[in-house]
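Two complexes come next, and they have one chain in common, chain A, joined by chain B in the first and chain C in the second.
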Partner chain A sequence: MTDKKTDKETIPAKGKVGVYICYCGGNISDHVEVEKVRESMEKIPGVEVARTDMFMCSDPGQEMIMQDLKSGTVDRVVVASCAPSLHETTFRSAISRAGANPYIYEHANIREQVSWVHHGDQATDKAIRLVAAATAKAEGLKPLEPIRMEARQHVTVIGGGIAGLRTAKDLADCGVAVALIEKSPFLGGQIAQLERLAPTGDPAADIVTELAGEVLGDPGITVHTCSLVETFNGYVGNFTLGVKKRPPDTDCEKLSSLNPSGRTPGEFIPFKGFYPESVAARAEELSIETGVVVLATGFKSYTPRRGEYGYAEFPEVITLPELIRIMAENKTTDNCLEINGRQVRSMAMIHCVGSRQIPGIHPEDESGNFNEYCSRTCCSATLDTAGTIRQSYPGTRIFELYRDIRTYGRGQEELYEQAAKNKVVFLRFEADESPEVIRSNDHDDFPLRVKVKDVLTFGEEVEVPVDLVVLATGMEPNNVSELVDMMKLPVGPDRFLLEVHPKLRPVELPVGGILLAGTCQAPMDVGEACSAAAAAAVKAAVLLGRGYVELDPFVAEVDLEKCRGTGACVEACLNEGALNLVEMEVDGEMVQRAQVTSALCWGCGACVAVCSENAIDINGWTLKQYEAMVDIIVADEATA
Partner chain B sequence: MAIQGKEGKILILATETCAYPGADSVGQAHSSYPTNTYILRVRSPVMFPEQFYLDCFAKGISGIIIMSCGEECPYEGAYHALAKRVDRVYQLMKAQELDIRRLRLTAICTVCNRAFLKEVNQMNEVVGELGPP
Partner chain C sequence: MALVNPNFAEEMERFGADAALECFNCGTCAAICPLIYEHFPRKMIRYLQLGAKDRIMENASELWRCLHCGLCTQTCPREADPGEIILGLKRFAVANWRRS
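And then the complex of A and B:
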C-alpha cells in the first residue's frame, strides 16, 4: 500500500495529537474558560497543537484542522465541542478531505455534558479532564477502513399521505424501487379530509387523485394498503421489514359505504381518500428487504376535550375539519350558511385550540402532555374558510377570536387581508383569558354566547351571540410508539419525531438509513410537507446511489501475537459465526487461533471481556483506551 | 487547575445508543448535576472484564454507574451477559470488602432525564457516605 491514508505503518503508535476546542458562540465559553482548557492541553506530552475557534464546525474551523493535517503537524485529532451525535461525522469528513484517515478522530463532549449542566470553575476543570481523557484515547487510535456492504436499491416508505406519495414518486423517478406501506385502505392521508387547500384554493381531491394515480401507475412502486410494519431488523442498505396485511377492522363502515354508490377501486372518495385496491380478505404476512426506510407517518387533528369551549357539550360547537366536511357535503345557495339544519346568522371561530398550550394555564391531556407548539396551518385554514363563507353566504356574520395571527407562508397574509375586507370581525384574547362559550338564556334568539375580553379594545368585555362555534384545532403527531420502540427513533418533547439537525442534517435521524418526510416531524402545510418529502427522497437516493454503504469499522480484531487459541472469545460471542477458531501456522507449528468475520461482527465487545490475554479488542474502542481515560480521570492533575 | 482530588469521582459507562444520548438530553434540558461525574461513551458495557471495575476502584474511582440500554440493548444477549458479569464483580467486591453499592447497573433511555439525574444523585449520596474506596 502506498496510499498514505490507508497505510497503517505511516502513523506511529504514539501520535501527534491536535486538540481543537470550540466556543460554540458562547454556548460553551459562557461557562467554560476555553482558553484555559487550551493552555492545559498544550502541557500534555503528545499534544502537538491546541487551538480554539468561535465555531469549530464552521468552514474556517474545519479548515484549521485540515491545514494541520496537511502540513503533517498532527496525525490525530480531538475536537471538544457539542455532542458527538451532531458533529462527529462533520469532523471525520473534514479529516478525510484533508487526505487523512477519518478514524484518527476522538470527540470530547463539553457542551451537552459540561457547559449546559455545570457552571463556574468546576465546569472548566471538568472540561479539562474530559478533553485530556479524549486526548489519551486519541493516542491509542489507529487508521481504519470502513466496511463496505452492498446496498439494496429499494426504499420503503411508511405512510400513504401526501408526503409518502410524494417521496415514493420522486424515488421511483430516480429509478429506485419503492414499497409504500399504508395502514388504512386509502391513500391521501389528512389531505383527503379537506375540500380545498389554502392559500391557492386547489381542490384537495385533484391533488390526491393526480399523485395517487402517478404512484399506482408507476411500475417501480408497490403499494400495500391495510398494512402495518411489525418487525424491523438490519442496518442502512440492508433492512428487513416484517409487514402484516390484514382486513380492516376500523374502516369497515367506510368501505361498506362504497358499495351502494357502485364505486370501484381506483377512485377518490371525498373525505375518505383514494381507494387503490380491494382490501385483503385474509391476513397475510410479507417480508420486505429494503435499503432505506422513509417515515411519513403524518399527523392527526387535535380532538378537543369534552367541555373545551363547550365541545361535545353543546352540539353547536364543532371543529374546523368538521365544518369543512359539513360545508362540502351540504352546499346551498342560501344567503346564510346552514349547519346541521340550523341557519347560521352569526358564528365565532376560535384560534389556537390544542396548540400553544401553556402549562399552568391549559389543562394537560390524560398522558400529561401539553401541545406547546404552534400548529402553523390553522390560522390560514380558518381565515380561508371564513373568507369562503363570507363570499358564499353574505348573511352569515363571522367573529374570529385569536391570540396571534400567524399567516406566515407565501400568499397567506392575503387571506387575512381578504377576511378583513370581507368584514370578518377580529377579537384578540390573552392566553390566560381564553374566551368562554356559554348556553344562552331560554328567551335568547341565539343558542350560544361567546364571552371574551378583547385586547384590541383595551380589555373590553365582549359578548357575542352565535349560532355556531368553530374550533381551529391544531395538529398532533400520529401515535407511532411501536415504530419508535422497534427502530429506536428519537422523539422530541412535543412528541413529533426529531431530526438530527434542521440545517446540518435535515430530515435525517441518528439511525443511519431512516429518514423523515412531512408532518411526522412537525406541523407543516401541504407545500412544506411535499418539500420535506422531496428532500427525503433525494437523501434516500444519495444513500443508495453509490451501490454500497460504508459502515463504521468498529469490529473485533485479534492480536495474533497475543492470541493463545483458548476459544473463550468464540464461546462468549453473541452473533454466531462472527468469531471462529481456525488452524494456522505460527512459528512452524499448526495452532488454533481466533478469527473475526467482520461483516458479521456487531462490535459489542462480549469477546473482549473474556480474553485473559487481552488479545482481542474492538477497533476504535479498545480496553486499553478506556483504561487510559480512567487514568486521566483519577490523576491528581488531569494534564500532568 | 483546581483539583477535585479526594472528592469522590463517579465513572459513568453510558451506551452510545441509549444512555449517552440520554445524558445529552439532560444537557439539552439544562438540568444541572454534580461535576464529579465522568461519562464515557461505550458501545456496550459487556466489553469490560471484571478486573476493569476492580482496577477503577483501586485507582481511586469512588463509584461506577453502568448506564446500559437494558432490555433495549441492540446486541441480543449482551445485557444478559453483562448482568451476569456484574454479579461476579459484586462477589469479587465483597471479597475485597468493597461496598457493592459503589457499582450500579441501570438502564437509561435516550429521554430518561429524570432517571439519569436520580441515578447520579443516588450514587453521590452513596459516595458521600462511604468516602474514597
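And then the complex of A and C:
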C-alpha cells in the first residue's frame, strides 16, 4: 500500500481521475466483485477516488459524480457500467451540469462485455482490466468543444407517399423550406392503389387528394416528380443532394392514354395517384442544399411466385390489390361479384401470403430472402374488402383462410366481428400446412377447390369449392440500395431501414440528420405511417431549430510543430475533403502543411496510421492514450 | 375429406339456426356444456358453418344428447345462440332422416 503511494508521487498524474463503478442492481454485481474492482482502481496512480453505487445512472449516483467534480476532487471521470449506447449521454450531461467539460469522460462497459458473458474470477479480472484501461485513457483526456456548424433551414423528403406528404406539410407548417423528391410522376404512393382505407372506410382518393393538394398549395414546398437522388454529400445541417429529373421511360404515352378526360396536373387519377405537374420533357439535373433528409420511400406489394397458391397458373387466382382494382373499375348492381367475366358465387381469401414466412417451411425468394415479419395491414384490408363484397354482392359467399387474425388497432377488431355478421366463414391453417389450390375435377362447375387441414374443424381436411381465390399479399420494402450505399444506412434483417432505437428513437437513423417516415421502416397502416411522418417532421424541426448543429469533436488534429507536409495522411484519408495540404507560413517560410476540415472528418484514424512524424492524432483517441491503455492491460501488478 | 357447401348455412336459417356464422369457434360452449362430450356442441356448429351435411347426418344421433339447459347460449361471447342451433340441427336431421 505504502509504496503505491510513492508511485503516485513519482508518476505525475495528468488528471485527477474519479472512477465510478455500478452494480446495476445485481446485473453486474452478481458476477463481478464490484468492491474488488474498486479496491484495484484505488491503487492505480492518478486515480483520486473510486466509488460504487447500486445504480450509477440514478439521481443519487449522478449526484455523487457531480459532487466530486464540484469540490475539485476529480477532473476526469470514468464510469464502469452498461453499454455506452445506454448511458454515455446521461453521464456526460451530469458532468456538464456540474460545470465541467463533458469530454473529460470515459466509459467502461462491464455489463454487456463482462457480467453478461463471463462468470467467476475471470469476470472480475476482465472488469478490472477494462476499467483500468479506461482509467489510463481518461488521464490523457482533454476538454473538447463540439464542432458547431450552421444548419440550412431546409429539409428534403424522399418519397411522395402518404408519409412523405405528411412530413413535408408538417415541416412547411413549422416554417422550414421543403423539397419533396418522388420517383414516379404521381403523389400518394401505394394508397392510390386502394379504394377504401380500413378500418374507417375513408376513400383513399379523398385522403390523397386532400393532402397532396395542401402540399402543392404550400409555397414552402417544392415538389419534384420523376426525380431520383443520384449523389449525396455533406453532414447534418449541410447536405448536398444531386437530383436527376427524367421523363419516365414508358409512362409518357401511358400517361396521355390514361388521360381520356383530358386530365390535367392537379387531379387524382385512380390507381395512379395525384398528378401534380406535367412530366419533364427532357432530363434535368439539380443540386439541393439541405439540412436534414427524411426517407419516406415506402413499400411494394409482394408478388406471389408462379404456382404459389396457383398464382399465374390459374386465372381465377389473383392478389388482394388486383381484386381491389378490378372491383373499383367494374362496379355493378348484380347479386354476384363478377371478376374477369365470371360470376363469383364462392370465393376464398388466403391470409399471410408472402408474410410471416418460416425458413424450412416456405421457400426463399431468388435472392435467398424470407419475409418473416407480419405485414400488419392485410388482415384488416382483407376483412374490410370481404365486408364490402358481402354487403354489395350478397350472392357471393366468402371463405377466409387464416393463420391468425391480427386486427390489432382501434376500430379493427370490429371488422372481424362485422365479417362474421356478414356471414363470412373462417378456416384456420397451421403454418406448415398451407392450403392448396387445385383444379376441380368434379362436375359442380366450380373451377377451383381450396384444400386445407382446418384447425377449427379439428384438423379434418376440408375442400372449399370456389370461383375465385384472392391472396392477401403483404409488404416488402422498396429497393433503395442506392440510397443505402450513398448514405451508409443500416438495414434490418427484414430488409427494411433500421432505426437507432425501436422505443426511444424510433424515427432516427444512426447517420446524423437522416430520419425515417412510414413503411420504408416497417409495415404500417396509413394512420401509423402519418404518425411516424409527423414524428420525423418534429425531429427535423428540432435538429434545425437552433440554427446550428453540433458534431462530436472526435476528429483529427494536426500538430503543426511536427507536421512536415509530406501529405501521406492526405492520400490515406478516407473521406475526400476532410484533409488537405495547404500553404502556410512557418518561421518566415512558405510551406505545405496538413489541415483538417473538422465537419467532414470521420475520426477514423487512417491518417494517424501513416504519419511518420506522429503529427496527426484523433482528439479523444490519441496514440498516447492507446499506449497507456495497452500498458495497463498487460501490466499485471496494476490489476492484481 | 369434408366438402364445403357454401349455401348450407343459409338453408339452415329455415330450421331456426340463423346465427351460426357468428360463432368464432372459441369453444366456450363446449367447455360449459354439462355433457362434456367431444367438443359438443361446437363440433356440430362447425359442421353447419361449413355445410358438411354428411358429417351432420353421420353424427345426428348425438344431437339428442343435448339437455337444452341453455348454458351454452348464456355464455357464448358472440351471441351465436348455440342451444338454438342444436335445436335447428335436430329439425334438419329429422327432415332429412329417411332420405339419407
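Assume the second predicted complex is superposed on the first by the 439 of 640 C-alpha atoms of A that agree within 3 Å, B and C clash if a C-alpha of one lies under 4 Å from a C-alpha of the other, contacts with A are read in each partner's own complex, and residues count from 1 in each chain.
Just so it is clear, a contact is a pair of C-beta atoms (placed from the backbone, for glycine too) under 8 Å apart; a residue touches a chain by one contact, two chains touch by 3 or more.
Just so we're clear, the structure is a prediction, and the values are computed from it rather than from any experiment.
Of the two partner chains placed by superposition, only chain B is touched by A:Asp631; chain C is not.
Of the two partner chains placed by superposition, only chain C is touched by A:Lys421; chain B is not. In the superposition on chain A, A:Arg345 makes contact with chain C only, not with chain B. In the overlay built on the shared chain, the residue A:Val500 is in contact with neither chain B nor chain C. Set against each other, chain B and chain C differ in how many residues of chain A they touch, and the higher count belongs to B. Contacts of A:Phe399 after superposition: chain C is touched, whereas chain B is not reached. When both complexes are overlaid on chain A, the residue A:Leu581 reaches neither chain B nor chain C. Looking at the shared chain after the overlay, A:Phe458 reaches chain C, while chain B stays out of its contact range. Once the two complexes are laid over each other on the shared chain, residue contacts for A:Val49 go to neither chain B nor chain C. In the superposition on chain A, no residue of chain A contacts both chain B and chain C. Within the complex formed with chain C, the chain A residues making contact are 345-346, 397, 399, 417, 420-421, 423-427, 451, 454, 456-458, 460-465.
Across the interface of their complex, chain A is touched by residues 1-5, 9, 11, 17, 21, 23-24, 26-28, 30-33, 35, 38-44, 46-50, 52, 55-56, 59-61, 72, 74-78, 81, 85, 110-111 of chain B.
By the touch criterion stated above, chain C contacts chain A in their complex at residues 1-4, 6-7, 9-10, 21-25, 39, 43, 46-47, 49-50, 52, 78.
In the complex of the two chains, the chain A residues touching chain B come out as 36, 40, 83-85, 109, 111-113, 116-119, 121-126, 128-130, 133, 485, 488, 490-491, 510, 554, 572, 574-575, 602-606, 608-610, 618, 621, 623, 626-627, 629-631, 633-634, 636-639.
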